[in-house]
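Okay, handing you the structure first.
Labels run A, B, C and D following the written order; every chain starts at residue 1.
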Amino acid sequence: MIKAGIIGATGYAGAELARILAGHQNVQVIWLGSRSYLGQAYASVYQNMAEIIEQSCLDDNIGELAKQADVVFTATPQGYLASVMKEEYLEQARFIDLSADYRFKDVAVYEQWYQIGHKSPQFMKEAVYGLCELNREAVKQARLVANPGCYTTCSILTAYPLIKEGLIDPDTLIVDAKSGTSGAGRGAKVNNLFCEVNENIKAYGVTSHRHTPEIEEQLGYAAGRPVTISFTPHLVPMNRGILATEYASLKRKPDGSLPTEEEIREVYKQYYAKETFIRVLEPGVYPETRWVEGSNYVDLNFKIDPRTGRIVMIGALDNLVKGAAGQAVQNMNLMFGLPETEGLSMAPLFP
Amino acid sequence: MIKAGIIGATGYAGAELARILAGHQNVQVIWLGSRSYLGQAYASVYQNMAEIIEQSCLDDNIGELAKQADVVFTATPQGYLASVMKEEYLEQARFIDLSADYRFKDVAVYEQWYQIGHKSPQFMKEAVYGLCELNREAVKQARLVANPGCYTTCSILTAYPLIKEGLIDPDTLIVDAKSGTSGAGRGAKVNNLFCEVNENIKAYGVTSHRHTPEIEEQLGYAAGRPVTISFTPHLVPMNRGILATEYASLKRKPDGSLPTEEEIREVYKQYYAKETFIRVLEPGVYPETRWVEGSNYVDLNFKIDPRTGRIVMIGALDNLVKGAAGQAVQNMNLMFGLPETEGLSMAPLFP
Amino acid sequence: MIKAGIIGATGYAGAELARILAGHQNVQVIWLGSRSYLGQAYASVYQNMAEIIEQSCLDDNIGELAKQADVVFTATPQGYLASVMKEEYLEQARFIDLSADYRFKDVAVYEQWYQIGHKSPQFMKEAVYGLCELNREAVKQARLVANPGCYTTCSILTAYPLIKEGLIDPDTLIVDAKSGTSGAGRGAKVNNLFCEVNENIKAYGVTSHRHTPEIEEQLGYAAGRPVTISFTPHLVPMNRGILATEYASLKRKPDGSLPTEEEIREVYKQYYAKETFIRVLEPGVYPETRWVEGSNYVDLNFKIDPRTGRIVMIGALDNLVKGAAGQAVQNMNLMFGLPETEGLSMAPLFP
Amino acid sequence: MIKAGIIGATGYAGAELARILAGHQNVQVIWLGSRSYLGQAYASVYQNMAEIIEQSCLDDNIGELAKQADVVFTATPQGYLASVMKEEYLEQARFIDLSADYRFKDVAVYEQWYQIGHKSPQFMKEAVYGLCELNREAVKQARLVANPGCYTTCSILTAYPLIKEGLIDPDTLIVDAKSGTSGAGRGAKVNNLFCEVNENIKAYGVTSHRHTPEIEEQLGYAAGRPVTISFTPHLVPMNRGILATEYASLKRKPDGSLPTEEEIREVYKQYYAKETFIRVLEPGVYPETRWVEGSNYVDLNFKIDPRTGRIVMIGALDNLVKGAAGQAVQNMNLMFGLPETEGLSMAPLFP
């Protein structure tokens, strides 16, 4: 039995983690950390867990937790884990961080986009970027996994094979992404009130969203050179789900022709056919967030537009599962030698 | 391995059944019947099941299905099963009917409220009303289970203990119920279009909804005499969930006093404390549909109003799970000697 | 040109008032008071009013406002207006208060249900309860109008004629009401976040909601004696709208028969046929909130249930218009001798 | 008093037209045509219009209507008006067509994208494309106005000034658009049911949506040469509203620098500052559909991204108002010499 602790267990991502782990047969959750609800019964905060989770919320004593736990999940504000992390903790337990603190190799990029200083850059190199399908072997060995962002998981997986194979021009990549509101967190802000979000769609973080450099770094590895993209997130009146609509110019063959639908599909299959959690849909069937809700799946598809020479790639996932807690559990499974799908085999809930 | 078939597998209740059974380790689904989508891949109709269900939709040949299957679920229009049922089918397989065909003992009540003739009233006596918590032992032996309606499961379980114990006057019972829109089915009707349901709440079936006599029959058994109630359903702009707000006059004690909060709570505990799927909430915490979504739970609570001498009882469930497919699986588990919770242990999904 | 000021102009009710008054041809708004957004452009807070309202938010200097304005609207927290009101203000301007401060004649009732002391009970007698259709003549003369609550406007108008005519037993009245989320205000609270409200319905204030005594007081005047009712509000995932489903036992005639559908309908027509803002719907057509959204209408209908001897009455309105700002403007029109519908003739917006 | 008729008065666009015209002081609606609801009271189909519209639905006898009316609005399926139009009708009344039949100058483009033959191409040249802000003078003289599509109105107005002024490269233009569900019409289709649309976002018509060539034709006029763009519409779980997020590469100046924020803003102001219905928002404030709901406004803004050399332009409107019925009324006002804003001065409804 793996002993697990969660710091930040009462945010939406932390709560999804608590929910998934409650159904994981190899895990015992020994610590539900929440400063805001310290001492309160967890099920009084998330009443869906009544008679399932009996524990109360503990503090965020990460030193004590590292001693007691085999794995520590941190679903905490940006900068928190970086500010408390020590080598001894990493010797005592394995860490899966859902914040952005260890997602970048270059501390300057982090500090520029997040506008905070990084307190423990010495661990940035070691940290493994936990996009399981791309970094599976490295994750297995990792002491410290940087769990990817929700938009980034969707955006990267959707474009990755075509960039890696040199089929699209990375500098033409435009990612127009749409997210459900749980991605905005559970903080009490006027902008996230029901009446402000309902019956509305808006863009935000235009040209400046923090997931931009994360996508660029990972796709840069695929391209073998730095990549600069346009990324615009939008807020959609629904609870869960991310849809990424991605546009890029196809590279033409020496004879000037575009790659064919079949050639592109073959590349996607080559990369993802064996991946349990990635579903490349049938031709003409495009991803929709409703078909992945509550599951760890990423649905993908694409369409070539001969008129413009562009390809439209579309990906969908549940931001709280594959975009956060589900992927964190998938990383844990890899790290502890469990079947990768353990605790993650729930079918999407519809409607 | 139990061989199961579903007739009506592409309605919302049938699809939820297919989804739950896909995760049930003792069941193999051998038949997904759907006239509307005959021959089409099931996962092309419910794309959430892509790479989970590989089968295509079959017809509704119930004779052949009865031969091949151990259990047949029918999520079919009112009158369908009654029109095809034969003794030999019941000798070949066990039946769990999600329609209303066998929910009543009195054929006249059925024919009056449903306005159709009943073609096989000879099975009505034998059929067991599959409200598991009330009829557990009878369900275990049944060949034919009438799976209760969604509103009725919620309405009955909420008031049952107090009526059974004679604490409220059944003739004062008023059930004001609210349902998510999946309860209206997947038929293509203008009234169920997004723009017609969204940003709206309405009552329907005022004084005439078909679940009324079903609630009355079962509560009548509890009261030991016929019961007549007021029941008003409402349509709420959400996918899943039923909330029943129930009002009744408390019976006063010989000294004129009302029962106390503690006395009432004790009765609820006595009936439900051992029931896995019924959660009587803490004092002051009332059921909300979000806390049961995607699960087989019924959440209950109540409040005494000394000003009026009434009690307000509130119950919540997921209409597609405990109100339909989940309860059908619970019935199947009972009928086949499996743990009652098998395949039903998913925690509610929030948000 | 009537000079109007609004204190509390950035809550949802205050904003609706600002919006309606911006389209009222006899009114000039000279003061938009908002402590929270003091000094900010009003249209930066409510961006829908860009290029329509050019003013910035002022403070809540009610003394100065009373001097400058002909009419002062207060959409302020409970207790605010009572704590600052003076005789001299009432001599300078007329007041329409959207809070509960002057809705009751008995200060003890206010203090018990609102749990705050009342600082100016001397004005409670004088204040006119501004339910226009019931108190039209008194409103015309009033210096101080207590604008009714949203639930109460709907609940009272729906039952009023039948209680006034002695057709139902007031002590059997049960009001089960459902409201859109704008009724919960624009305060930044976790409970009102999109993800907490969406895909959910819940009861709240069970047996204790503050609108209960307000309904009781007004219906008591109709009945000619004190009335005690059950009232349960529910929160619905939509922006606007209140639906009240009301149950009561019909009084039987000396021969034991119930009043007929036609007799009841005749009574409703008698009270409301000439009322522009009350629409008694065709038999069999029940009110839905979507049909009144954005308008000052109240839609009403009813159904007799001979099985139980009860009548089900249903009413619907837009909580921000007829339930708050629209009715406030209707009161203002009456007070200043304008046509009652001035500025209020917008048809409901659908979908 | 202008006598107006509507053919197709019970679709969502037709109903919005009926609603707006009911409040227009210079118009008398003499004909509400609806084959589906022939003979039924209009207010029984759109119950929001109870006691506002007393008429019943008539047939689509366009010959008779042309004789009686001064202006005929057709909110009919593609191909309908083209199949019945005659020179004599245009001599009797003026026509505003909300379908696509006369939006193109090249019949081949229409027939290719709409996959139907055009029955009266002789009127295509004469028809004026009724995007009021661009073609105001031509509209005033027109006998036949082709009212633009909802997506196209938003997409064109957002990019027009920058293309006209040569500030962006039209061939790099990518329009990622999001629409509320009323845009999908009131037809009874499974795909538009509440439970299918709610809690979901999806792309549709990928690389093939019919509004693509309409945008291209109009922006081609601005560019002075043919333009080919990428256009992807998405369906959002809300009733009304379109948001267009548009990406294009800025043309660099001879010195290699990009245009500045101020230069771009100046161009937008030059084109739109005098337009009542176009609001160019403050820097940093981006359009959201909630701020235009129920109004005829288009909100616009943009952001330069020096990292990519692209500009992100964003526009928002209400698809039923400025995207359909409101613009149709604006066109009518122009054609009949009325103030352009007559009947269209409603402020956006929020929340």
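As a working rule, a contact is a pair of C-beta atoms (placed from the backbone, for glycine too) under 8 Å apart; a residue touches a chain by one contact, two chains touch by 3 or more.
Nothing here was measured: the structure is a model prediction, and the numbers come from that model.
Colleague: Once you count every C-beta pair in contact for both, which comes out on top, B-D or C-D?
Modeller: Between the two chain pairs, C-D has more contacting C-beta pairs.
Colleague: Among A-C, B-C or A-B, which chain pair copies the contacts of A-D, with over half of them the same by residue number?
Modeller: Copy of the A-D interface among the listed pairs: B-C.
Colleague: Roughly how far is subunit C from subunit D, centre to centre by C-alpha average, rounded to an integer in Å?
Modeller: The answer is 37 Å.
Colleague: Can you work out the whole-Å distance between the CA centroids of subunit B and subunit D?
Modeller: 46
Colleague: Do you know which subunit D residues sit against two or more other chains?
Modeller: Residues 12, 182, 195-196, 198-199, 237-240, 288, 290, 293, 351.
Colleague: So in the complex, which bits of subunit D are touching subunit C?
Modeller: Residue positions touching the partner: 12, 15, 19, 22-23, 44, 46-52, 182, 199, 239-240, 279, 281-282, 285, 288, 290-295, 299, 345-351.
Colleague: Which residues, counting only subunit B, touch subunit C once they are in their complex?
Modeller: Listed in rising order, the residues of subunit B that touch subunit C are 174, 176, 178, 180, 195-196, 198-204, 206-207, 228-230, 232, 234, 236-241, 243, 245, 247, 286-290, 293, 303-305, 307-308, 310, 312, 314, 351.
Colleague: Residue numbers of subunit B touching subunit D in their complex, please.
Modeller: Listed in rising order, the residues are 12, 181-182, 186, 188-190, 192-199, 237-239.
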